[in-house]
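Each of the next two complexes has chain A plus one other chain: chain B in the first, chain C in the second.
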Partner chain A sequence: MKLLTMTTALALAGGAALAAEKTLDIGVSDALTGGAAVYGLPQANAVQMAAEEINAAGGITVGDDTYMLNVIAYDDKANPTEASNAVRKLLDRDGVRFILGFCCSGATGAVASFIANEDAVMLVGNAAERSITTREIPNLVRTRPPADYTGAAAGTFVAEKGHKRVAVLGALDVGFYASYVDAFEKELNAAGGEIITREAFGLRDRDMTPQLTKIREQDPDAILVVGYVEPAAFIYRQAVELGIDVPRYGFTSGSEEQFLRVATSEQMEGVWDLRPTELTLLSASENGIAYHANYTEKFGIAPSPSSPYAYDQTYALKDAIEAAGTVEDTAAVAAALRELPVPDEVVMQYLPVDGKMFDVNGQAYTSNGAFQWQSGNWVFVQDLPSDAAAYSAFLSTID
Partner chain B sequence: MMTLRPTHALWLAALVGLALLPQIIAVKYYLHLSILALIWVIAAQGQNLIQGYTGYVSIVQAGFIGIGAYSTALMGIHYGLPVWLTILLAPLVTALFAVATGYPSLRVKGHYFAIVTLAFNLVIFIVLMNFTELTEGEAGITGIPRPGGSDGWLDWRDRETYYYFVLILAALMTGLAALIVRSRIGRILVAIRQNEDLVGAIGISAWKYKLFAFVTSAMYAGLAGAVYAHYQSFINPEIFGVAQSLDAILAVIIGGSGTIAGPVIGAFFVVFLPEYLRFADSFRLIIYGLVLVLATIFMPRGIVGVATGLAARIARRGK
Partner chain C sequence: MIEILQQIINGMAIGGVYVLIALGLTTVFGILGIAHFAHGSVSMFGGYLTFFLVSAQGLPLAAAIVIALATGFVLGLLIELLAYRPVRNASHINAFIVALGLTMMVEGLNLEFFGHEQVVIPTDFDRVFNLGGVTIPELRLYVILAAALLIAAMTLFVEKTKTGQAIRAVAENRDAAILMGVNVNTIPLVVFAISTMLGVCAGIMVGALFAIAPGIGEGLVIKGFAVLILGGLGSIPGAVIGGLVLGITEALAAGFLSSAYKDVIAFVVMITVLLVRPQGLMGKA
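Right after this comes the complex of A and B.
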C-alpha cells in the first residue's frame, strides 16, 4: 500500500512536472539590424520581457495545462523577402503558430499577403500602413493604429493653433508617412489652412539644409516633419542652425535618447510630436512607468515610445489563448483576439471599439496625443481628437 | 552512337536530385528557399550572359526583375489578363525597357557601363517608390494571384506545385542559355569579352551583339520577376534595389562566371547561405560578407572553376 501511495505520488509529481515543463514557442519577426532596428529591436526586446513576466507569473493556463513562453526571434531587416523567409522558417521549421513583432510596413505587407493561408496568428506592432488591416485577414490583428488616423487628429490640432501655411518635410516615399500627411492636409484645408510645399528626403539622408532653405524662403507659419527618428532629429537641428523660427511639428515616435544622439536639448526645445499616445515617461500610466523601469533595467537603455505595441501584443495573445482554451486551434485564438477586452497589463492607452481591444478589422486604436519637448523630455500636453469608432467604421468601407 | 559525357551525367543527376527534392525534404521552409533559389537561377543565368560571357558587369538586374514583377501584376490588375499571359508578356515588357536603357548604356565600357546601369537601377527603384498611383509605392501591391484558377486540376497554393513549375522554367532557361552560348552568337559574345576591338576589326558589329546580350539578360530577369511576384503574392520596391543587383553579380562570380553551371550553384549559394547564418544573429551579415570576400579572392573562377580544377588534377593523377 505504501509502495502504491509512493508510486501514485511520484506519478502525480511527474505529471505536475510535465505540465510545468510545457513550452509554447512564439515567434518574432522584426528588424533587429539596419535602419529600422530603432523600432524593431525594442519591439523584440519588449516581447522577450513580456514573455519572461508571463512565465514568472505562472505562464499561460489552458485547461489543466500551463505553458511557459519561449521566444524565437529572427531578423527581417524590414525587408519583404527576408520577412517572408523568417516567417516561413518560424512556421515550417520551428513549428511556431503565433508570430509577433512587425515594426515596418513593407515587410509586414509581404507576410500579410500569405498569412491567411497559414495555420497561424499574426500580431502586428508598429507597422502603420493602413492597408494591413483592410484586407479582412481573419488571423491578423494590429496594436498600432494606422498613420492617417493620427494624421487627421494632428491636422486639426495644428489648425487650432492658428497656422494657415504649413510646410511639410518628410520621408514621403514611405506610404504611411504620405498617408499621415494626406489626412493632415485634409483637416488643415477644412479649417482654411494649406500645405504650401511638400519637400521629401530619403531615410538615409542626413543633410536637409537644401529643403529647409527652400522652406525658409516660402515663409511658412509652421513646419511638419514626418520620418524616422534620426533624419527628423537632423532636420530639427538644421532648422535651428538656419534660423528658422517657426513652430516645428513632427510624427516620429522617437525617444529622448534617440533624438539627443543627433540634436541638443536646446535645439529640440519646443518641438511637437503629434502621434499615438505612446510611451512617454511623464504621461505614462502605472503600467507604463513599470514597463519603462523594467525595460531600462533589463536592457540598459530606455525603451522606444513605440516598443510597447509589441509588449501589449504578448499580453493580448496570452489572454486570447486562455479565452480560447487552446494553443492548437489557431482559428479559435484568432477569433478570441477579436472578442478580447483590453488586457489589464497593457502599456498603451487603447480606445476599445464596442468594448473590444480589436475591431472587426483586427485593428486596435490608441488615443492620439500632442507631446512637446520641454527641458530634455517629451512632455504630454494634451489629447488629440480621436474617434476610434468612426475611424473603425471608415476602415471597414475600404477594399 | 551518342555517349554520356561526365558533365551530362552531372547535369542529369542534378536535375533528378532537384526533381526529387520535395520528396526528400521534410521541412517545407527549405522548399520555399529552393523556389526562391530557382527564381534566382533564372535571373543569374541572364546576368551571366552579359557579365560572364560578354564581359560587361551590369548592375541593373534587380531593377529588371522589378519591371517584370510589376508588369505582370499591373497587367493582371488593370487589364484583367490571365496570369499565364502576363507571365509571358512580362519579359517582353522588360525587353522594351532594356532596349531603351541598353542603347545608351552600351556606348560606354568597363566601369562606366557598370555605373550607368547602376544609375538605371536607382531610377527604376525611385520610380517604383514614388509613382504611387501605379505602383502603390512602398506599401506595395498585394493579392497577386497564383497561376491556375481555383477549379484547376493543380493546386497552385501548394508550394510543391509551384516548385516544379519554377524548376521546369529554370531548366528551360538554363538550356536556352546553353544553346545561346554554344551558337555563333555565343562565340561572338565571348570574343567581345576577350577583345572587343578585334571583333570590330573583322567587321562584326559588336554593339548589336552586346545589345542582344543585355536585352536577353533583362528578359531573363523579367521572367524571374514575374514568377517571383506570383509566388510571393506581394511586391514592393524594397527588393528591387541595387543590393539585390549585387546579389545577382555575386551569384555569377561565386558560382563561376562564364559557365552554365555557375549561376545555378551561385543562385542557391546567395539564397541559402544568409539563411543558414541566421544563428549568428547580428554577426550574420558580417560573416556573409567575409565569406563572399574570401570566396572572391581565393576562388576567382568560382565554385565551378575550383571543381573543374580538382577534377582535372584527379584525372591527371589517374593517368
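Right after this comes the complex of A and C.
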C-alpha cells in the first residue's frame, strides 16, 4: 500500500512537471519505393533524423508548451494520385497540419493544386518544377531552387568551357528537366553555341545505346545528360562503351554510391554535375559534415546530395512554429516561414533574399555549383553564377 | 553505314534476351497451351538470386550462374507440379487464373526476399572492342554469344534427342504421343524446367546489362508474348527471328526515328507483319 501511494505520488508529480510536453505529428509524403526512391527515401530519412535531433534538444517551444515531433511518413511513389491520397490521409485521418518531403515534381504539383484550400502548411524539398512556386500558394514553401535557375547557370558554364555543339540526352517529357534544358540552351545560344540534338529517354529506360549512337554520329563537342540518377548512370557507362570521348555534363544530383551501382569509377571519371550546391563531403560546411556523419551512422548508408533539402525543411518549420507561437494557426506558421532568416542548423548554403530564407513566392535559393567526378568522388570545383534576387524578381512576374 | 551496323549490334543484345524469354514461353505454350505470365517474374528471380550470390555471398559470377540455373531447374519442376498440373485437365481459364496468381506470388516473393531497390549484377567485363568503327562492349558480346549458344543448344535438344522428339510429339498430337508410349506426365516437367532455366538466363543477362527491379519482369513478359505472336505461336525458329526483329527494330526506331516512341514503333511493325501473315513469321497457317 505504501509502495502504491509512493508510486502514485511520483506519477502525479511527474505528470505535473510534464503537463506541458505534447506531441506534434508532422507528415511526410515522398517516394519511398520505385524509381524515384533514390531521392524520396533519403528525404524521408532526413526528416526523421532532424525530428529526432530536435526532440533530443528539447523539442519545439510554443509559449509554455514543448512539442516533441512524431513523423508519419507515407510512400507516394512519386505518383500524383498516390501523393494526393497520401496527403489526404495525413490531413483527414491523421490530423497532420505540417507536411514535408516531396522529392518529385509530378506528385508535388498534384498536391500543390489543392493544398491552398487546406488548413495545412506544405514544405517542398527536391521537386524542381518551376510552377510549384509561381502559383501564389500562401501555405507552400520550397527549399530547392527551380530547375531553370540552375539550367541557366549551367549553360553559361558550358559555353565558357568553349563548347559550341552540345547534344542533349534527357528525360525531356518531365517538365523540370525540359525547363533546365531550355534555360541552358538560352545561355548557350547567347554565347554563340547551339544544342545540335535533343534525344529523350523514359525514366524506366536502361538501354540508351540507340540514342547515344545517334549522338556519336553527330560529332558533338559535349553531351548534356538530364534525368534521374539510374538512367543517367547507364548513359555515362554506355557513352564510354560506345567510345564517345567528349566532356559529359549532367544534372542528376546522385551520390557516389548511387552511381557506382551502375557504372565504374573509371567510366564516371571526368563527368560534371551542374546543380545547386548540394551536399558533397568535400564541399560541405560544418553542418554538412556533421549531417553526413550522423546520417551515415544512423542509416548505414551515405546521404544523397539532395536529401538535406528535407532536413532543412524540418528546422525551418521548427523556427517558424516558434516564431508564430502556435501549432494551431497554420496561416500564422506559413506567414512566419516567409519572414524567416536562414536557420543556423541547415545544411545547404542558402542565398537569402532580403535577408529571408524564402522569398515572397515561398522559394528558397542555394548557390549553384559545378561538381566533377574525380577518382571516385564528386568534387566541388567552382560556384556557378547564381543571382537569387534577380531570379526571385523574375519568378514574381510569372503567372 | 557504321551507324546502322552499330544500331543492329545494339539491338542484338536486347533481342537475344527477348529470344530467350520467348523460347521459354513458346515451348510452354506449344506443348501445354498455357500463357505462362509468371515467366518474366521467374526470370527476375533468377537475376536477383545471381546478384545476391555475387554481391552478398561473394561467389564468383560463374558459380552464381550455375546455382541460379540449378535453382531455376527445381523451380520449374515445382511450378509445373504444384501450380499447373492440378488444372491440366480443367478449362483453359483455370490455367489462366493460376498464371496470373503465380505472377503476383513470384513478384511478391522477389520483393520480400530481395527488396524494392534496383540492382545491377556486377561483372568484370569492361573491355570494349572496336571493329572498323563499330564498338562492341565485352558484356554485350558475351550476351549475344551466350544467347546464340543457348538457342543452338535448345534447337539441338528439341531436334536431335529422344526427349526433344517426345516434346515435339506431344506438341503435335498428345493422344498419338500417348499411343506411341511417350510419358506425357514427364514431358511438362521437362518443358517447365528448361523454360525456367532459359528465363533465369534472360534474367541474369538483363541484370548484368541493365538492371533488375520490381516491374521489369512484367515488361519483359509482354515483349516475350509480342515475340511469340510475331514469330508464330509455338515455333522455336519463330521465337528466334521474332526476338531479333523486335530488338533490332527498337534500336533502329530509337536511333533513326524517335526514342520516345521506340516501343510504339516496334509494336506497329509487329501489327503490320500480322496483317500480312496472321500466323506470324514462322507460324503454320
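Following the convention adopted for this analysis, the second predicted complex is superposed on the first by the 378 of 399 C-alpha atoms of A that agree within 3 Å, B and C clash if a C-alpha of one lies under 4 Å from a C-alpha of the other, contacts with A are read in each partner's own complex, and residues count from 1 in each chain.
One rule holds in what follows: a contact is a pair of C-beta atoms (placed from the backbone, for glycine too) under 8 Å apart; a residue touches a chain by one contact, two chains touch by 3 or more.
Everything numeric here is computed off the predicted structure, so don't read it as measured data.
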Touching partner for A:T33 - first (chain B), second (chain C), both, neither: both
Contacts of A:V262 with chain B and chain C, given as first, second, both or neither: second
Partner chain in contact with A:D173 - chain B first, chain C second, else both or neither: both
First, second, both or neither for A:E199, with chain B first and chain C second: second
Partner chain(s) touched by A:G243 [first = chain B, second = chain C, both, neither]: second
Which of chain B and chain C A:K298 touches, first, second, both or neither: neither
Touching both chain B and chain C, residues of chain A: 33, 173
Parts of chain B lying in touch with chain A, wherever the complex brings them together: 27-30, 32-33, 36, 126, 129-130, 132, 136-140, 142-144, 157, 232-236, 238-239, 275, 278, 281-282, 284-285
Chain A-touching residues of chain C, taken from the complex the two chains share: 2-3, 6-7, 10-11, 14, 116-120, 126, 128, 130, 135, 137, 140, 209-211, 213-216, 219, 250-256, 258-260, 262
In the complex, chain A residues that touch chain C: 33-35, 37, 173, 199-202, 204, 206-207, 209-211, 213-214, 216-217, 230, 234, 238, 240-243, 261-262, 264, 266-267
Chain B contact footprint on chain A (complex, rising order): 32-33, 74-75, 78-81, 84-86, 88-89, 91-93, 105-106, 109-110, 112-114, 117, 129, 131, 135, 173-176, 178
